[in-house]
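Below, subunit A partners subunit B and then partners subunit C, in two separate complexes.
Our next item is the complex of A and B:
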């Protein structure tokens, strides 16, 4: 029987479920022109959730429902930043959705359900819980991708996402069953101890491989990256920004729970596998991005390469590496929210601002927008003093410390190649003349402008004062 | 406030760029005047630093230390020695002149141009102040962003190619340095340069690190064969960009050798000094010949910069042969000092040459030498300055160009007369390509009718070229204050060269 204490531990999650259901009801009884109220309510709901996560955080890691659910520092930091990036998503999405007649309540409720999925996933203490959280997240996401029902591109992306996602879930589940077979437990803590002296080590490693396929798919690491470009391009940009930011934190959380908490004893096996995934992701992401002309596709390939860097940190397989990767995931989520936020803010009714050429001469049309986009690009490229650089610094350091100097060097080489396509975006904005007859400018909506500016300036500020955030990342992996 | 003088020097221009930017395109004059005020204030502050700095003391001074990232032991550490002080003065001096030089030349978005210049200036001063390797790296890389914009927005027809090449080349060099620095950090537990200098390293480690540093700084200096970005960048950059690039940015490469390669990897640097010396001699002789055949004035001066920077690297690395080969500390000091004087002098001379070309370009919108001829007939004052800087560029005694080159040649003669023989080639080739250009541009009859319509210098141009000329003569006739300023720091550096780390 669940007792009150268990419920208190899960308070933020229960609260969000209740709030999401209420929002759904409210939406049903609301006139379309009242819908902005729903928008602000959803943002308030998420902000309250952040408060509940932080305020109710126990000083020690606690578990609920017989170890199914863990509430520890890792879960806290991941939840805070997933909620925060989702708040950003809501801010950026509103004018975009309104212009496209997609401003519906489902967007908000589905996104909140996906966030609940993320929260359960990153708090999972049991393989079943990992799977449940993941499914809640991905099922909501499939529907979100298909939000624009009349668009062929959107439906195609949703089908592709669904088929490949289902396949990956199947792989993951299959891997879990093998791990269960080899160790006899689904609980991550017990799994960790049991993995050391199982009678069937080969079966266990086999299960591990399948699980890594699932993780690779969720991260979007090559060679499991096929869905990323199409889904990023095909989804309404308001959904892409969610998939591209908050979900990367979830993927990190899943990788951490499965590999470090669950199968930490097998690290000598998965380190090399992750290193291979990292090299492939860096290569495919950075090289294929060079030839892209669509900004969303370019950012999709850039995501693949960034997941490569995240894996470079995980290869360390120690607290130092987890902290570096977590820091990288957070920095990427914030930067990517800003990048897609820029695309959203530059779009307007009947115009997507998706092609790189749409940004031509942006500096002459809207210097502030061009400046913000430039900061985002330099952060993605990892040029100091922007936030993105310090993430790279930390993952390289973690890899070198674990004896993977070659991996850091590979990462460095691909950082140079990657630099080119980020610079190309800056080039288009600053050095090219605007195309006659086009008008590209920032959204009039004050809240979008304000939040976007704050989001981008945070990249600069966090690049200079990144100590506290990194300290937080480190502290959750101690002990 | 003056406990944080170095911070103030770095952040005043960077923060000052914000009001310049906000002044907006609507009021270009406000932006110009604010930018000038910030640049002048920075220069005044750097002059104020001069009496506070005790040149007799070789230790780093005016130090500031704040914890930046506590858990990693990364510090925001600033301090200067004589070499840094000299380079900071050069930077803030040039900072004023590029703002004045761009006054009405830059018509599109002058506020953006001015603020990029100021940010660049602050970051370059930061490079010279940082005593923490990570902080150094941050400034070193961040500098690329404003320069990328400066060349790309206000540059010539092939500006996009040039600026991408510039950025990617430099980034390519420095990212390997970053990996090297992380390796060092994991070994020493600190990014502090003094700690890293004291860290014992095996020959194998030193060799790898030495080459990681070499790539980074060789691209920046630039040395043969990674110099190819420089002619492109110079030709396409706006005048102010070229001036800053030649006068200060290249020096950061030489400065990096002094701060990283020499103290951290002395044994590897000694073992591979021949590589650097060889490349420097190739730069002096071969690049000199390449400069001779250039048709474009900016390209000619760009190649001459590569050749002159060859003297800097030669002077730095010849010191190894002298200290470790024959324990000739005096000669080593002479070479090192020559390299430093050459850095400062080249800052003035190349900055002045590019400003001169800018003056011509603003009138004729061409940089081809063949389009000119007989300019002296219509622009006597310009002709005067042009000849002065040409003489300095070819190393005439009495100008700043002579001092450093002479010291380096003297020092290399004591190491190996053959090296001195090749180094001394510059006296002939340098004079040849510079004077040949002067002959074709200034002298002769006016063949191009547009030349006949050119007006002589206006007050603003007079001020810029006059300031450069004053510096060139001051340094040429009385180099003692500069040498004294850097003396104890150079001495300390030379003694460090003898320390084995294995």
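Our next item is the complex of A and C:
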């Protein structure tokens, strides 16, 4: 039976659920012009949640509710950074949503519910919890993508996301049922021991394949990437920034829980599968991005290639590889939040700033914005000394140590190909003439300007002082 | 005498085959009513497989909730979509053969299940419910509120999100809509509504002689 101790272990999650319900009620009784209060309250709620996660962190991994929930270092680091990126999302989203009459309380509550899903997912100790956490996250995301319901593009994106997401969940469940059939347990810890001596190894491997398909869909790794460009382009940019940043941390957490915690003994089977997914993602992401003219689509293909790099680290299947992948996921989440934050900050009522051509001559109009955008693009491309560089270096190193030298070489070649389209954005900003009669400038909102500048400068600072963060990532996988 | 193990296996494959064929029917049949009837059959066959696995409560819940409520509602909606009255009536005869086939297959499955029940001899291995000396439903309830309490609560959270999402995506607040206000209606005073005006009675004017030839005698 659950006792008080179990509830204390889940305190951050319970607190967020209660806070989300209160915000929902508050919104119902609030006048539309009082909504900025809700905005600041939501940010405060998330900051308190970060405090609860860090302050209540036990020195050793503990489980609650009969092993359903694990609170360990991996969960802590993923929770802290997904909450943090969600705070960034809230900051960037406000002026954009206000300009488009989408500034509703449900944006905040649904996003908080999605974050609760992420927190449950990365702490899951049982296949059922993995599935339920994922459903909570994706169901909230479907609604968020469709938030701009009068836009055809947005509805189309939501339908695509919903259908493909349901298909992926079905695949994942199918794989889980096979794994359950082969081992007779849903608990990830017991699964780890039972997977070694099952009477039905073929069924287990089939289950593993279906689960990897499900994970591939959620990460957006090729060949399961079809939904990414349409969803990124179609959904309101304020929602894209959430899908593109915090959700990637959740996808890493899911892959880690399922593959490493649950089926770590089968790593000789899944290493090569992940390597294939990685090569395909790198190729499709980097090559197709070259021909994109829409900035959001370009960033979508960039996501696909970045998920390829993340998988390169996971192929190592050891603490070194998990730490490198985790570091990569964090660096990507923060950089991606900054990239979409830039689009949000440059957009205004009636102008989305979605096309690359919209950035023409940005340097002459707003040098600071052009400088920030340049840093973001360099970090995505992996130019030293920015944040993205060390992530790439560490995952390549992990792959080489696991004996996958060819994979690291392929990754390096595609990183150079990828450099081209990131540099094209920089070239357009600095060397092209601005189009007459158009106007692009940063948002007037002070909080957006301040947080965005801090976010981008953090890329530079964390790129130079990357040791402590990587040390934290390494420490959670030891023992 | 048939070997009960064998019979159970045959039943399982038969139910599974019906499920797959019916599921294929759902996505291939062009007629929507036929597709819905196939879906009913799919659910029913799945419930039969669950009964074979001794998950009685789940099987009954599937039939009551899905076949009984959701699917019948769905069937009504599909049939109502074509609003012409004579069409609906025509449909009854037209869909009768498919309906009868579905009903007959269901009947066959039920008979087979009763056969399994009659010959049942603990062939499924140790069932936690039987080990605990409880009925399937009682055991499920117990497990749901102790061992699986957290997933159960999270499922409730997912339903909450479903409700919020449904409201966000469908509620439209239109401006300029006229509403009835009951409290104001009740508070109305008859004197505000009817005003009695005093005025002098109208006297009909005396008939005026028509001009023209009538004046001449």
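Remarks
By our rule, the second predicted complex is superposed on the first by the 479 of 479 C-alpha atoms of A that agree within 3 Å, B and C clash if a C-alpha of one lies under 4 Å from a C-alpha of the other, contacts with A are read in each partner's own complex, and residues count from 1 in each chain.
The rule is simple: a contact is a pair of C-beta atoms (placed from the backbone, for glycine too) under 8 Å apart; a residue touches a chain by one contact, two chains touch by 3 or more.
Keep in mind that what you see is a predicted model, and the values were worked out from it rather than measured.
With both structures placed on the common chain, the touch criterion links A:126 to subunit C but leaves subunit B unconnected. In the superposition on chain A, A:166 contacts neither subunit B nor subunit C.
Using the contact criterion defined above for the overlaid structures, shared-chain residue A:149 touches subunit C, although it does not reach subunit B.
Touch criterion not met for A:194: it reaches neither subunit B nor subunit C.
Using the contact criterion defined above for the overlaid structures, shared-chain residue A:140 touches subunit C, although it does not reach subunit B.
Subunit A has no residue lying at the interface with subunit B in one structure and with subunit C in the other.
Subunit A makes touch with subunit B in their complex at residues 363, 367, 374, 378, 383-385, 389, 393, 396-397, 400-401, 405, 408-409, 412-413, 415-416, 419-420, 423, 426-427, 430-431, 466-467, 470-471, 474. On subunit B, the positions that touch subunit A within their shared complex are 25, 67-72, 109, 112, 134, 137-138, 141-142, 144-145, 148-149, 152-153, 159-160, 163-164, 167-168, 171-172, 175-176, 178-179, 182-183, 185-186.
Listed in rising order, the residues of subunit A touching subunit C in the complex are 1-2, 10, 17, 21, 24, 64-66, 68-69, 104, 106, 109-110, 113, 116, 120, 126, 128-129, 132-133, 135-136, 139-140, 142-143, 146-147, 149.
Residues 146-151, 154-155, 157-158, 160-162, 164-165, 167-169 of subunit C touch subunit A in their complex.
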